[in-house]
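We just call them A, B, C, D, E and F in the order they show up, numbering each chain from 1.
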Amino acid sequence: MKVAVFRKEHFNAAHRLYNPNWSDKENDQVFGKCNNPNWHGHNYELVVRLIGNPDPDTGYVYDMKKLSDIIREEVLIRFDHKNLNLDVPEFKNLNPTAENIAIVVYNLLRKRINDDLDLKVTLYETERNFVEYPAG
Amino acid sequence: MKVAVFRKEHFNAAHRLYNPNWSDKENDQVFGKCNNPNWHGHNYELVVRLIGNPDPDTGYVYDMKKLSDIIREEVLIRFDHKNLNLDVPEFKNLNPTAENIAIVVYNLLRKRINDDLDLKVTLYETERNFVEYPAG
Amino acid sequence: MKVAVFRKEHFNAAHRLYNPNWSDKENDQVFGKCNNPNWHGHNYELVVRLIGNPDPDTGYVYDMKKLSDIIREEVLIRFDHKNLNLDVPEFKNLNPTAENIAIVVYNLLRKRINDDLDLKVTLYETERNFVEYPAG
Amino acid sequence: MKVAVFRKEHFNAAHRLYNPNWSDKENDQVFGKCNNPNWHGHNYELVVRLIGNPDPDTGYVYDMKKLSDIIREEVLIRFDHKNLNLDVPEFKNLNPTAENIAIVVYNLLRKRINDDLDLKVTLYETERNFVEYPAG
Amino acid sequence: MKVAVFRKEHFNAAHRLYNPNWSDKENDQVFGKCNNPNWHGHNYELVVRLIGNPDPDTGYVYDMKKLSDIIREEVLIRFDHKNLNLDVPEFKNLNPTAENIAIVVYNLLRKRINDDLDLKVTLYETERNFVEYPAG
Amino acid sequence: MKVAVFRKEHFNAAHRLYNPNWSDKENDQVFGKCNNPNWHGHNYELVVRLIGNPDPDTGYVYDMKKLSDIIREEVLIRFDHKNLNLDVPEFKNLNPTAENIAIVVYNLLRKRINDDLDLKVTLYETERNFVEYPAG
């Protein structure tokens, strides 16, 4: 049986939800006040989970300091105090919903984490709305 | 790989735990102070999880506003500021333990959520006691 | 300059808000769903603050274990898993609003805490509604 | 002795901190990443405190539903899912620091709350940075 | 479909992370300030999850009071206000990382919980670092 | 009217509560399990409050980054991942109760914060036990 380890980080960002192929009316109907063209923002809480076997020499599945460094290098430096739509290339043509942010974060981290470790990302947009990728 | 989305809501309710087929003494032994015939109550926190694929046009697995509306219509209007035993028909012959409340909530929501979306309910009775249905 | 020490405890209770001298219609207008005659309930969080000088021998303003015992004896045993209106004599003729509960708790504790210690009570009815007595 | 009552609400907004009379370099030195010209954002938590005497007929210092309505009408409708700098006239010539947001919120609410009630505003910009106005 | 029930408890303990087969320099490189020979400590939050079928007579998967008693007897009495390295025999030759503490807690509880109930342990060392065993 | 600004930081430390002039029996009676000679520990949460007037050019009472730096330099570097009794000179002859830690933190910070700013320290030893200095 394996052990899961979790590291929680946070970032603050602005975003706007809309589909550029839709009319303003359609965007308002679907995205409501999240479609404010002047942006709004959130304190995002990010939890990264790795699953593996504890190293017998250290008792660690993964060094949490190293995981924190990777999250900072891959995610926080790019996302924190940014406008996700304007400042983060991955969202140039991708709506920055919590779902899509979690998928982008997963892909950024996956390439830095060895494949024998299972990876999951949980992203809190607010205390009441959050997402998990991959699910389950 | 799919994405899970979560919506958190809350309601405040009174209840009493007991088995009407048992003696007072048996009920006290099993349910202790939760068997107060004059009721007691809780601030219940409810988290609803759906798993699916993000819609390519919206980036949403599910519109959280719509999910919030369904939870309000199916659960909050019936449970909030109510006596679960007296005011909610589902608990007329069912002990309103956190386990049974979660199952009832699941069944109320399941019929409103399309079957291609996986559904799970987490219910916090207190910060220290909570349940999940279905498990795992 | 003095030091304040705080102890947090909790209890779960049922209650109903209404004025017996008013009509049902008046009670519904003022108290809304809090006026459910079948009761509803809350997880109350209680924070008790004492202000004094640390004892030079112990470094304590007050022994938190002793304060916890006093809160249990005076408040939790009487309020926890109770119906405040029916089971607690202090609310026989007093509406159990958060304001009035805080005043009753203060009076119960005041007689057990030496007068040279300043006493304040904060009571959370929900995460979003709370009260403090005395104010300020 | 009076009672304090508290109501907690929240809003999500974008903002940018800068002084238009300063050079970019000066703004970067003082405001750092908060000076991102493309904005960033926060989940603001707002706690409003009123101090008064409980009404003997209701046991309320103030009806929390009414206070919640006033906060929504005066603050949330104007601030929630907005860009504070662009969408809120009060910040046209005022830097939207947490300090200044709290003062603006206080002034908006003060005119709606009777003068015999003491008013205070606490604003959480993040879990780690928050302000209170008036202080103490 | 089964139901999961969760019980949250806590304990405060001191510990030191190091490998006695390594030099001081190696230990400092891997464990950093967690290798302080004079110890440091944490408020550990422990969540225990059981999965089973609700008993038709009680509506309980498990009596939370009984689970709380077992956690106290097996874990809290041994770990709370202790030095994990010096006072807890299980860590005499096992580095008390969060991963290893979770495994030890699981093994202590597993022998007290009937095998037809699935068991999982989540341990929070800090709000930002936590582990789960078994994973997933 | 002035504005209060708050900054929250944390540190993890080991300590032991006892009076070296007392017998073991007296120490056990007063300090109970906090008197474990092998130490125990906590995740301390520290909130620092300053009161002043917002600078008209910045809208800041105080730069939170600067306050965070001062807390790190004066408190975290000395206290985090340390044994308060053994590693921190201020507690060589002073029992490291929450009350005394708060007073020591206040004195360390006071000399770095200009006198025209009011200073207060709140220290959480656990979620249920916390202190404030100066009180009120």
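The rule is simple: contacts are C-beta pairs under 8 Å (C-beta built on N, C-alpha and C of every residue); 3 or more make two chains touch, one makes a residue touch a chain.
Remember, predicted model here, so these are calculated numbers, not experimental data.
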item: Path length in the contact graph (chain B to chain F, fewest steps); value: 2
item: Relative to chain F, chain with the most remote C-alpha centre; value: B
item: Listed pair (B-C, D-F or E-F) duplicating the C-F contact set, over half by residue number; value: D-F
item: Chain D-chain E separation of Cα centroids, rounded to whole Å; value: 41
item: Approximate Å spacing (C-alpha centroids) for the pair chain A, chain E; value: 28
item: Contacts with 2+ other chains: residues of chain D; value: 127
item: Pairwise chain contacts, counting only pairs that touch as defined; value: A-B, A-D, A-E, B-C, B-E, C-D, C-F, D-F, E-F
item: Chain C - residues contacting chain F, complex; value: 1-9, 51, 54, 57-61, 63-65, 118
item: Chain B to chain C touching residues, read off their complex; value: 10, 12-15, 33-34, 36, 38-43, 80-83, 86-87, 126-127
item: Of all residues in chain F, those that touch chain C in their complex; value: 17, 19, 21-22, 30-32, 94-100, 102-103, 127-136
